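Shared between the two complexes below is subunit A, which pairs with subunit B and subunit C, respectively.
Here is the complex of A and B:
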């Protein structure tokens, strides 16, 4: 319990650091977004200084005329309460509203592809470790090595080009077709699956190589352990040895790297969602960057980072469940 | 010189490491002296757009009738410069912080490693995107520094672990007894021992920086002065609409093949080095 509480505390602290970084970026950097907007509004001569201040406050949630420390406290207070300001690109919409509609789609594609690629990867990895002397395993190893080297946005562009633009097999744009009614009905779920298919395939293709090679080396070193030799000499069937003796021990180091992998995939989702026009957090991050919508951009940054930090916390818990040794720390 | 002899010994035995090494050397040559041999014209001639491969244009022409091969060669220089600088930054920071934490111990060690943990957990790409958007500088040094902002954390943890285990070894103690300065012990005794580790991380860092950098240009986030592979992809997808015509396959795929081939080279070479430095990974 103490371990869980401590890890949770660390996660909250990291989120606090992230919010501090965003405050620094929008408020303290030379030519920062808040000053810029204020002087832009003044220069336009359409508003009074008082109105300009109010507009700045409604977008960024800070009052420029107060002392910096107070602004900082106010900013953190706002972020904790989910008031991330208002969007510039989508006038009249709160940043939180946009991002809360976007977050489920990012979670959907990242978690689906993480689970699928993890299980395909550990299966392939176990097989090529067991039959590592055969030509076929060497070939599969080589293919996995090459796959692990290809940047995800390149796979995305190739699929976009071949399957969406030329052959029109998969739709791009949106998370579901406008014709279907959102809800738990078959046409809607089918449409969601069809729209998520390309991003998920991209992640699987680019992630599976890393998982299978990691599993391969993990299994190979587990096979050399003495308890495996001992199990063999006790006449335990090789199927059972692979599953309960090798498998369980070999997976542990991979579970540890799940957290890192989630961070990397969420980062990659920025490219993939943008290329496929898939309305997740990454898509809105880039839309905000291109439209200079700083409140939306910082909101997307804070939400996406917090999601990754919490996901890391969850993988820590899973890891601890699987490996009682980590509890002692 | 013994390092090079050692390298040659590895390469001769391992064909895929040799292939990876060859690819990396080829790209280094292309980026350093390649631009002397090619000329990217400034003249835009839409009538000559998307020509197929020919002897005059081995990889065809782009949306403005320019030679694609020349653009690929010319674009390799900025990509590699930023990646090498970024990886150098993160390796130097990672080694310094790791060594300091390992030798300092106590509270200082704790604080440095908590900071490293934070940077390991925060997803790097969103952070890099946000910083690049605010800084808006086309200087390769600035871009490299931003990309390196999170890259050092992993290395600093492993260097610290190595330093902790090395500090207890006999030869370091012997050096201390002989009255050598801390600086001398660090540079002469410890660095050679973590050298292989640092070299691997340097190569992986370059590979990661290329991924981030090309991606930033591809999305049109990082400002650019000269064309590079990421800018070419950005134009192919957004500006020139090459992705919607099948004639433009050559122009769209050339930078992608250039990037993938280089990344494959890095992976093949670093995996071979990894097997060399971690004998446990060698197939039993």
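Here is the complex of A and C:
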């Protein structure tokens, strides 16, 4: 327990460090965003310098005439109290509100596709490792290599064109149809599933190759271990050996990469969410970058970083359960 | 009827290759018997061990367990063979499943062969730990391999082979990865188990010192490039080798006496790559200091000299008899 607490503390610290770095980087850039906005407001001649200053201050939640260090303390202070400032592109809406609405959508497509592609991938990987000398396994391996090499936005464009544009099987974008009322009702959930289907399929197609190839090499090396030979000589059934001797050991390195993928997919969903016009974190990150909505950008950065760090933390915990060698007393 | 006999075993891993890993090897092991197989790396010792355990199917030849061919065994007959022959591996760091506790590792065989009731399982595992000289505390049962020392792991490896109550244990270089200080204690443990349980061993090694200690009073077989070149009782084979290969192996055993050691002429063999195996004649011919035209033209068969002592050499009389000195080694 002490270990978990310590590990959690370290995670929080890492997030804090990344926030700090992002904060200062944005402000140290030549023509920084705060000045940019301030001078933009001044140039419009509709506001006095005081008003402009106030406006910027209210947008960022910081007073820019104060020293940088004080601004920083204020930003952190606001953050601890749950405020990330207001968005510029969506006036009157807090960054936190936008991100909290976007996060569930990203989590929905990222987790669904990760879980499905992971399980399909390790199953295929185990099979092609076990029958690695058969022609079929060689063919499947080749297909997986090709799949893992295609970038996801290419697959997304192809599927969008084929399944949404030509055949209208799936909608071209959005998280749900405007005709249904959001809530826990069947039409809404069905609509959500239909809209999430294409992004999820794209992720599965592009991820499954990597998982299966990773699992294949992991299984092949586990198969050569002497304890597998021993299990065979004890007469333990092949099925049991695959599951609890080979699989159990082979999956360890993949669980680590699964954890890392969770984090990186939240950030990496940018292309997919933009192409499918899917209102997740990635979509708003791109919108923020294009529109120079720095508070929103900062918020999205924090979410992405937190996702990576927390996923790492969870992976550590899971690995501890799975691998006795990393267990802490 | 032998406990396990391997008859005219030939094996090749690659069907296209003409090179056999094992070439017409026949050995047999009786109840409460020891056969030590000696040979250099790559000579097919491990393959022979795997064939004996039934994990590798020989390309040609018959393996019989208590008189019946194992390739035809089904049902309870196969079960008995599967239980009857177990392995002890070379590397105690690789031979235990890192994700299973000692208890899980040892109970798997008990569960598989329904050797005891669920209630007794724990006590049985503890009994086996005691047998191999480990401390059977609850704490120990729940340890994982990485928490044990090399010697402890090897003892767990022996216990794992024992739990299914085998009659034959194939010990493949079982002590070569251990500290010299641990070796004798593991060898003694194996010998003690033989006395207590009537076990037999197929003991595979490259170390004549170990063989001398372990197979005293039993037989040694010498493998060279997949062929059994000499077989005989431990004392005879070491005192008076009848194959030049055995002779050169023995002459390489260091003697802990500088006067003896200096008086010997060490036999240094040319290194040989696998492809340089002669197509006909004695497999050892290119490295043999005593070979002649006859050896190049014809493969010497394994023939009996006095009683049990067999050698596959045309000229065993050419081997110097100065090896008394070599037997000085332990």
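Here is the rule we go by: the second predicted complex is superposed on the first by the 327 of 329 C-alpha atoms of A that agree within 3 Å, B and C clash if a C-alpha of one lies under 4 Å from a C-alpha of the other, contacts with A are read in each partner's own complex, and residues count from 1 in each chain.
Note that a residue touches a chain if its C-beta (ideal position, glycine included) is under 8 Å from a C-beta of that chain, and two chains touch if they have at least 3 such contacts.
Everything numeric here is computed off the predicted structure, so don't read it as measured data.
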Subunit A as common anchor, with subunit B and subunit C clashing or fitting: fit
C-alpha centroid angle, subunit C to subunit B via subunit A, nearest 10°: 70
First (subunit B), second (subunit C), both or neither touched by A:14: first
Partner chain in contact with A:270 - subunit B first, subunit C second, else both or neither: first
Partner chain in contact with A:121 - subunit B first, subunit C second, else both or neither: neither
Partner chain(s) touched by A:158 [first = subunit B, second = subunit C, both, neither]: first
Superposition-derived comparison: subunit B or subunit C, residues of subunit A touched: B
Which of subunit B and subunit C A:214 touches, first, second, both or neither: neither
Contacts of A:279 with subunit B and subunit C, given as first, second, both or neither: neither
Touching partner for A:223 - first (subunit B), second (subunit C), both, neither: first
Subunit B and subunit C, minimum CA distance [Å, superposed model]: 11
Residues of subunit A that lie at the interface with subunit B and also at the interface with subunit C: none
List of subunit C residues in touch with subunit A within their complex: 50, 53-55, 79, 82-83, 85-87, 89-91, 94-99, 101, 105, 108-109, 112-113, 144, 146, 157, 160-161, 164
Footprint of subunit C on subunit A - complex, ascending: 225-227, 229-236, 245, 248-249, 252, 322-325, 327
Footprint of subunit B on subunit A - complex, ascending: 10, 13-14, 17-18, 21-22, 25, 29, 32-33, 132, 142, 145-146, 148-151, 153-154, 157-158, 160-161, 165-166, 217, 220-221, 223-224, 259-260, 263-264, 266-268, 270-271, 274-275, 282, 285-286, 289-290, 297-298, 300-301, 304-305, 308-309, 312
Partner subunit A, residues of subunit B touching it in the complex: 16, 117-118, 120-127, 129-131, 133-135, 207, 211, 214-215, 218-221, 233, 237, 243-244, 246, 249, 252, 256, 259-260, 263-264, 266-268, 271, 280-281, 283-284
